[in-house]
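Every chain is named by a letter (A, B, C and D) in the order it is written, and numbering of its residues begins at 1.
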Amino acid sequence: MSFGPFLLLAVLEGTVMAAVLALTSVGLSLVFGVMRVVNVAHGEFYMLGAILAWFVTYYLPFPPALAWVAALIIAPLVVAAIAALADTFVLKRLNYAPEATIVATIGLLYMVQQAALTIYGPDARPVAAPFEWRIQLPWFGYSGYKLFVVGAAGVILAAVWLFMTRSTAGLVMRATQIDRDTAQCFGINVDRVYAGTFALGAALAAAAAVLIVPIQQAHYLMGHDPLLLSFIVVIIGGLGSIRGTLVAALVIGLSDGIISMFFSPTLAKIIATLLVALVLVFRPQGLFGARA
Amino acid sequence: MAAVIEAQGLTRHFGGLRAVDGVDFRLEQGEIHGLIGPNGAGKTTFVSLLSGRTTAQSGRILLNGEDITHLPAYTRVRRGIAYTFQITSVYPRLTVFDNIALAAQSRGAADLAPRVRAVLHRVGLDQDERTLAGALSYGHQRLLELGMGLALEPLVLILDEPTQGLAAGEIAGFSALIRSLVPKMTILLIEHNMDVVMELADRITVLAAGQVLAVGTSDEIRRNRAVQDAYLGVDHAVG
Amino acid sequence: MTESVKVWSLHLGVLALVFAAQYVLPPYHATNLARIMVLAVFAMGYNIAFGYTGLLSLGHALFFAAGFYGMGLPIGLLDWAPVPALILGLIAGGVLAGLVGVLALRTAGVSFMIVTLMFAQAGYLTLLYLNTWTGGDEGFVVDRAARVIAGNDLSLDGTRFVAAFGLFAAAMVGCLWLVRSPFGRVMVAMRENEERSRMLGYDPFRIKLIALVLSGIYAGAAGAAYGLLFGYVGASFATIQYSILPMLYVLLGGAGTVLGPFLGAVLMFYLVDITSGYTDAYLFVVGAALVGLVLFAPRGILGNLRERFAPWLP
Amino acid sequence: MTRQLIGTAPSRRAVLKGAGAGLLAAGFVAPVWAQAAPIKLGFQLHRTGIGAAYGRWYERTAQAALKVVNETGGIAGRPVEIIFEDDGTDPKRGAEVVEKLVSQHNCDLIFGPLFSHVVIGSAPRAGELKVPYLVCSEGFHVAGGMLNRWSMQPGITDVRAQVSSMAPWVLANLGKKVTMVFPDYAFGHDHRDFFTAAVEAGGGQVIAKIAVPPTETSFTRYLPQIPSDTEVLYHVMVGPAVLTFVKELGEFYGTGARPQIFGFIDSLEAVDIAAPGLEFLEGSHFWEGHCRAKQADASDHETVYRAAVGVDDNGASVSDAKDVSTYAHMFSVWETLFIIKAGMEAAGYQSVADRQKFVEAVEAMTDMPESLAHVQGNKVFNGKTHQVFGHQFISKVEGGKLMKVHTTRIEDGMYDDAVDYTSQSF
């Protein structure tokens, strides 16, 4: 294939990846920003979203499109509820001590993963896309659903943006992020803000999974990769900075596709991982984040 | 007299705030030197510059004539500048012995136990060797903090508000202890309690808005009109 | 009885019991104990960094794997004798820990965890990338003929136990000596209050780097020994699981105690071994153990014991 | 651990046939062999971890084979028991499981693992314990000489044989210029190396080799690397993302021109070939170790086997048509159990003291004719390399079903011995 179409495909793929990555990473970033908690179980919330989507579409007697829409509503809600419980019964009791919460979320990761294996089983199962539509370009074909994913992710992100900037709840969250103690003095129920933030972060991951699951399959080990990638995005974007996270998701998503054109993909991953570590060492505020 | 520490044009700004602004300062061998000034005058920033906890933007710091401006804090400690914290900063989960030992072994591990016990004796904590530092009363923790400073066997001991939170009875003992340290050591004392400063200090430097307002003996400072206006009057009115 | 006598008799007593166990335990448990001892050495190394110095690393699998490959590659590719290969494995762990430390120790807390995690992940991918030599994900078998030291065949259960015990005993005595030394006290001071320690004249970077290198040497020694004693070197030992494993052992047994890592390794090993007999959900048990520990017993078993009954426990 | 003593219930019928109603009336219903100590076989099972999707079907096949063995007299008249232990698809745990099965459960031997790293990690311990270790892995590690005298692969052919025997047919029927897409780890490298060698030997050319990292979950961006003059696209993928790979391949080519596609069924193992998005596979070809869809010429044994395992004519579970089995691989578990039976009976196996005799008995095996014990087809065992050789199948997707179009000869997959285990000591 000649370079032009090759690049076009890389850009298309990169955009899809960026869209999904932005959703999962914003969730992670939100939790870190407001609560100062690094949630290692974030990938498992993503996985739960995908698995729940499978259950919903499998058992609801709706046509694929409707079943998928139902999954997009139900799965994030259920995952959010689970996250809120985890926050109330585990993280809150740890007073959100950074290191203890990391260890605890590692524990949660194992528990969720194993529960998924026991209940859902070891197989990778497909979820039918809400619609089947393929775009045929002169050089290659492309899934119309993937383009829809980009749009849907954009809509969800815009909604989150409006929520954070326009709604009272969003204002309260941002106030808590800036100064927890002062927020408490103003009568903000910080416990509830934290539980809500943790739930919202998890719900975003679950929503990303529902979007992706017609492209990939629901599998109990699928949370690992998005976790690492969203870590990378959140770090590059600057820990806790939502704007930086979005920019980083776009950059990482696009560059991933293009880099792997030039390097052995495994080598590309090694280099990318090392670069992220070095960014954290030498530019802890991230490449795009404002100074801490 | 020779200067142990000499600062020349020391400056440190935080954004628009001129915390320390071109301060010249001499600490003479064997003296107790008081450092006073209203809140926000830059006292803590100034001693942080001396001890190396903060880096200077310009100016020089000399220790016995040697330029230490760019040395990291831990090296300055080893060269003989000890700093005791304003907010008690002992290791609460370690024993009193270990707290002192950590300071003492910074000067070398030989004869550690006897040296630690000598310091404990000096600050009057002989009986508490095995106690966890966190279990000590606040006054004893201040003593422990001071003991850690002593165990470093420094040339200069910087005491950041050592009597803060102490009862009147404790302050007397504390003052006696400090007076016993000179002239072998040199003391730089930051203190809010004017009675303590006036009683202990051989000389006093007054900082205001990051600059030196006056230097002199306690009597000279008391009489200094500028100081009265800028500081003492306010202080007396409040206290 | 002075404290010193008490401490040494307790630890030497434990060592004597562990040594004697090989004559009492059925073969299955004796071999398990040999495995546990080597894993405990790894955990002791982790404990030096995390338990004593307060460095919560998520990248120790890298140093563990460095031991495996530092030992296995020279044997497999260059026909080295086992003893120099073991030593190279140990050095490899220390050198990698030093390299990672020089960079990662510029960060602290959460960033330190993530940076170490990233380095370990890069290390794992590198093992896959260099599959021509490392065997990639499959790994390779260490030739049985190469597992003989001075006529002692390490593939025999008795010899292996003694070899594992030798490493374990050396590691434990070394650890006990270290944490009771003045340097051990400074490590703890870094964990408790880095800023205060700096103002006592200690360079935090240097102290932490030394602790991390020592920790890496332990991990490397354990990895090299595990590969040599059990005859297999593989990239799976470089995965994140093997960074979490020693953390789990240490948290369970008691961070900052000399015997804690071993106790944690024994309990965790049998927790998995026994629960896997009843349910395939033993990972759930591991996860629940982690959550339960940080929630209800953050100091671990020996940590709690020390707090209540035995303040002298190192 | 799951204990399955199928000695009692299923065998009752068989016993009763001979025993007559009198015994039944007397309440004497226990099987005759209840007196004989059972033979205990350890099964190293990927119940959790990355291999769990295969493990589930391996366990199911083992249970089915066990039932048949016990119903037909057990091994040398003794009932057989299988003890399953989960290895988490992890080499360290794998070695511990070997230990546990042998030392704690006193199993006579061990079989069943699939994933190569588990096999390689566990085999040294099996050798030290001097316990037969029969793997169902299709890896080249046994015949490659990396393992030891106690490790054997008598139930399934290895990758090298599979791949080499495909090349002549692919070159003759699909095209000469081949592009390979494979996972960037050991299993994929075996494909790359052995298939490339075979293609070059046959006068063809591998024009591009596209290695995909094992952690990848999306593949479209690798696909433009397929050169446009490719005549045959050879693909093999494993892991949970296989369906994604095949779907994206379909999207990529869409309705445009595309090369011939030849895949290893591993890319679609446990996946319904009629899943939406896979329509483009119509007309493409697959290697199959065992034909998933029941073929017109299927033997009676095959019918019995499907019924016993509970698999329908499409290769899916009889209880859930969407639950597709790992049909192309799991027969190896079945056949291995029957080889264990034959080996033990030939060796006059009594107790663990006869383990060496058992290995020697298996080493002495050569021809394995198609039968209920060898449902996949007849095979030839090479005692020196401990590796079995057999037929391979090439199927074409026709009407959403895999229809067999070619069966290779056993000799097609043979190669020079890389090792002689019989010269090694026990």
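Criterion: a contact is a pair of C-beta atoms (placed from the backbone, for glycine too) under 8 Å apart; a residue touches a chain by one contact, two chains touch by 3 or more.
Keep in mind the model is a prediction, meaning the values are calculated, not measured.
With centres taken as mean C-alpha coordinates, the chain found closest to the middle of all protein C-alpha atoms is C. A comparison of the A-C and B-C interfaces places the larger number of contacting C-beta pairs at A-C. Rounded to a whole number, the gap between the C-alpha centres of chain A and chain C is 34 angstrom. Per-chain Cα centroids separate chain B from chain C by 43 Å.
Chain A and chain D, compared by their mean Cα positions, are separated by 37 Å.
Between the Cα centres of chain B and chain D there is a gap of 77 Å. Multi-chain contact residues, meaning those touching two or more other chains, occur in chain D at positions 48, 184, 213. Under the contact definition stated at the top, not a single residue of chain B touches 2 or more other chains. Listed for chain A are residues 114, 117, 264, 266, 269, each touching two or more other chains. Applying the touch criterion to all chain pairs gives A-C, A-D, B-C, C-D. Remark: chain A residues 38, 90, 93-94, 98-100, 102-104, 106-115, 117-118, 228, 231, 235, 264, 266-267, 269-270, 273-274, 276-278, 280-282, 284 touch chain C in the complex. Considering their complex, residues 1, 5-6, 9-10, 13-14, 17, 114, 117, 121-124, 126, 128-129, 132, 134, 136, 138-143, 215-217, 219, 221-222, 224-225, 257, 260-261, 264-266, 269 of chain A touch chain D. Within the complex formed with chain C, the chain D residues making contact are 1, 47-48, 85-86, 88, 90-92, 95-96, 99-100, 103-104, 116-117, 120-121, 123-125, 127-128, 139, 141, 146-148, 184-187, 189, 213-214.
Across the complex, chain C is touched by residues 51, 53, 72-75, 77-78, 82-83, 85, 89-94, 98, 101-103, 105-107, 109, 112, 130, 132, 148, 152 of chain B.
Of all residues in chain C, only 182, 185-186, 188-189, 192-193, 195-204, 311 touch chain B in the complex they form.
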